[in-house]
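Structure, as structure tokens:
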Amino acid sequence: MGDVVGKPGVTAVRTLLPKLIARHSVDLVVANAENSEGGAGISPESAEALLASEVNLLTSGNHFWTKKQILPWVQDNPNLLLRPANYPKGAPGKGHTVIQTPDGRKLGVLNLEGRVNMKPLDNPFTVAPELVAELRKQTPCILVDMHCEATSEKNAMGAHLDGKVSAVVGTHTHVQTADERILPGGTAYITDVGMCGPLDSVIGMKKELSIERFITLRHVPYELAKNLVYLQGVIIDMDDKTGKARSIERIREHLPGT
Amino acid sequence: MGDVVGKPGVTAVRTLLPKLIARHSVDLVVANAENSEGGAGISPESAEALLASEVNLLTSGNHFWTKKQILPWVQDNPNLLLRPANYPKGAPGKGHTVIQTPDGRKLGVLNLEGRVNMKPLDNPFTVAPELVAELRKQTPCILVDMHCEATSEKNAMGAHLDGKVSAVVGTHTHVQTADERILPGGTAYITDVGMCGPLDSVIGMKKELSIERFITLRHVPYELAKNLVYLQGVIIDMDDKTGKARSIERIREHLPGT
Amino acid sequence: MGDVVGKPGVTAVRTLLPKLIARHSVDLVVANAENSEGGAGISPESAEALLASEVNLLTSGNHFWTKKQILPWVQDNPNLLLRPANYPKGAPGKGHTVIQTPDGRKLGVLNLEGRVNMKPLDNPFTVAPELVAELRKQTPCILVDMHCEATSEKNAMGAHLDGKVSAVVGTHTHVQTADERILPGGTAYITDVGMCGPLDSVIGMKKELSIERFITLRHVPYELAKNLVYLQGVIIDMDDKTGKARSIERIREHLPGT
Amino acid sequence: MGDVVGKPGVTAVRTLLPKLIARHSVDLVVANAENSEGGAGISPESAEALLASEVNLLTSGNHFWTKKQILPWVQDNPNLLLRPANYPKGAPGKGHTVIQTPDGRKLGVLNLEGRVNMKPLDNPFTVAPELVAELRKQTPCILVDMHCEATSEKNAMGAHLDGKVSAVVGTHTHVQTADERILPGGTAYITDVGMCGPLDSVIGMKKELSIERFITLRHVPYELAKNLVYLQGVIIDMDDKTGKARSIERIREHLPGT
């Protein structure tokens, strides 16, 4: 599931996820939590609310440490919330881990952040192959959350890891793309899975405030929007033995009453 | 139709568009041509090839004048190829026009370019309402091509013009989004219609070269990819009298043999 | 005088300026106040402290409205504190004014902000000639504060206005440049006059915190440095009749005890 | 010496450097050559012309590989031309070396490139201490060329390496700064040494073309300017035993006839 935005996003996950898991027999759930506290950043409370909603693992992105209270929490729980693996050495938390189903089937998860029009982190294109090789010692089933702005950088990471991981899914733009497919090497790919949050908005925030910002170029504080809340993400079916993806399906579920 | 990328894109349009027009009883066709010559820029040849393919009007974006040979052509043909309306005063060409069906029903078209992580053009959020008001003197049916990078800027332009135009459709990222909808005020909206070009690529270009660029940070010249060529765009049904949109439907057509 | 940085900068101005005025028979003093409140932004208090120090007019830049309390003050005092003239229409305050000596000799002042690696304001290269023409109706003596990052943009503005104004002086980088000169058309020019603030620092802020920021890429809150406080600026001699500059001299005065 | 810009810059070095060496008893000369071929990039010819002018070592920056013909040359001559040390692994050439006087006194030289508003290279703040430690095994006398845009990044690198190297000198902005000094730990520092090239210009290029670019936002090809050619740089005196700097003096020499 893509970037969970504030209370509306958390509520959508808590309400809609259990039915989705049942309907599609989902084994494991990964959600990007970088906007879960107030629209920017993560708090222990927002992380725990999501983990209590049958989410197995949280990933993040450029808003990983926007709320500082998450830093001690992530040091205590490095295998519950990932930060992008290509953050500078010494950054709290870690960028990859392995989760498993009750019957012991494993999924490696790698979180990356892009650099086009973003921070000058370590190069995700050199970091990724090393960590994928490490994860493959434990399982061929690997999911990569590529958190970035540019479609070119996401396309390129998909191609770069095609055949080496089960899936490369993009997050960060908050808009779901319609290009989900299996790449030639057997890797499921989508440029962005879309946010869990209010669609009647500007990427989750109140439209009027964003428009004011674009007109005046002044810093206008954002507020969360409320209407048309959706859970968005993808369901990926992968072969436990080979790690190849069999299918990738987009999910868009409306939260009733919004 | 979104950014037509090089020969593969032009071929897709020439081959697939006539059937689409017939199948959906399309009245008027607008295509973004900014990548039609070799993947970056427009030439008189690429413009004319598209216009010969039952395209009624071309729009463009940040690659408008990448190929200089288009400048005299656009000065002779300002109503066949738009450049973003918010370019500096004195720029060749124009940014809005009115096209019409054989039976005289009019469609105003406005081309804009965003500024987030792009050039510091005039503010599209102040330019747009003025030109929309001008177009509305002739017709309530208005299509806006918002060419830009950031999902926030496209979302905000949709909200800004909602109820004032028939449709705001995004271009530039080359990846089709899955968020097409009618906004509360009656405006059809999609963040990006996607390119007409090879999907087995990095936004139209050969994957290997793009990956090399991301790894080495060196300027590696791009080459067009060839496989999985698609025509991508949207079909919008609008009420001739009120200009309100009735529906917006995504189109993705595969070019056989690719 | 260049960007006055926090209390150390204000103290340097209050302590050193009177002697400078006396020693060099200075007629009028203009200071950039954009960092005068706590290192980022302006408050009514910091503005008034500078104006009480024999400064005749304040200019500003990208930090003009970082502290919101300045907005009502500037609306009451639009001729005491300028904001860049190329801000969006409707922005509070104004970007040019005329000040005068006790004996009635006038100096027009124009404040601009650049756009390279900064906000997409209106184009200063088209705004400037219009406002210069307006000011020239009152006086040929005109000072331009070009607040921006790139040396290319400052060089180009100097060349653009050469012969039309008495001086183009740059601010914003907080580092004084050694390229002061009279341009061929008679305009005094310097790329940056340098800040009024602590030199034993990273552009005014504590070195350790800035280094930590560059190493970790985390947001580390800045604190003002204290040591080696200097007043920096230029003294320009201009011909009252023609507005041509006769000389430009760099000033660097150390605040004793720092 | 700072960025040598095209033929005018090379001529200034060839003409003026021998007298400077004699007058100031200079032991070793380092020049940034990144703009020596036509204003952008380096060619074997421009590199060899500078090395024939009593320059001992060339450094570079973001234009290191703008002219591709330099790549085989630098692989043959890795100790004559440095590229920034924090380029991606596998980049041709190297980023640090040791040069020496005829009587065997050694100078370590480290070339770095910043990242603020530049490419996302490896972090110079983590790369630098490692390479400085390596150079210190051979000599305590170390010169760092910090090639970057932002004054904050250069200030911070000076503070970061203060006491560990003999000098941190900035290049890239093409404008000499007036802030040369010995930092508290004994390191000579200047934010930018300035270019060797025509000052009656926009950072070396013809003023009219640059102004046109800022007004129209179109790509206007640059041409080299010709007037007021200067050699700019600094002379640093360092203690051979401790590596501490004794003095840093700015140099600005006019090329007669320009």
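Each chain gets a letter, A, B, C and D, in the order it is written, and its residues are counted from 1.
Note that in this section a contact is a pair of C-beta atoms (placed from the backbone, for glycine too) under 8 Å apart; a residue touches a chain by one contact, two chains touch by 3 or more.
Everything numeric here is computed off the predicted structure, so don't read it as measured data.
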Task: Selected pair, greater C-beta contact count between B-C and A-C - done: A-C
- [ ] Specify, for the interface formed by the sequence copies subunit A and subunit D, whether it is same or different in terms of residue numbers shared by both sides, with half as the dividing line.
- [x] same
- [ ] Using mean C-alpha positions as chain centres, tell me how far subunit A is from subunit B in Å, no decimals.
- [x] 29
Open item on the list: For subunit B versus subunit C, what separation do you get between their C-alpha means, in angstrom?
Closed with: 43
Task: Multi-partner residues of subunit D (at least 2 other chains) - done: 88, 120-121, 123, 126, 215
Open item on the list: Considering only the defined contacts, which subunit B positions touch subunit A in the complex?
Closed with: 117, 123, 125-126, 149-153, 155-156, 159-160, 173-179, 181, 184, 191-192, 194, 199-203, 207, 210-211, 214-215, 250, 252
Task: In the complex, subunit C residues that touch subunit A - done: 65, 87-88, 90-91, 119-121, 215-219
Task: subunit B - residues contacting subunit C, complex - done: 88-89, 115, 120-123, 126
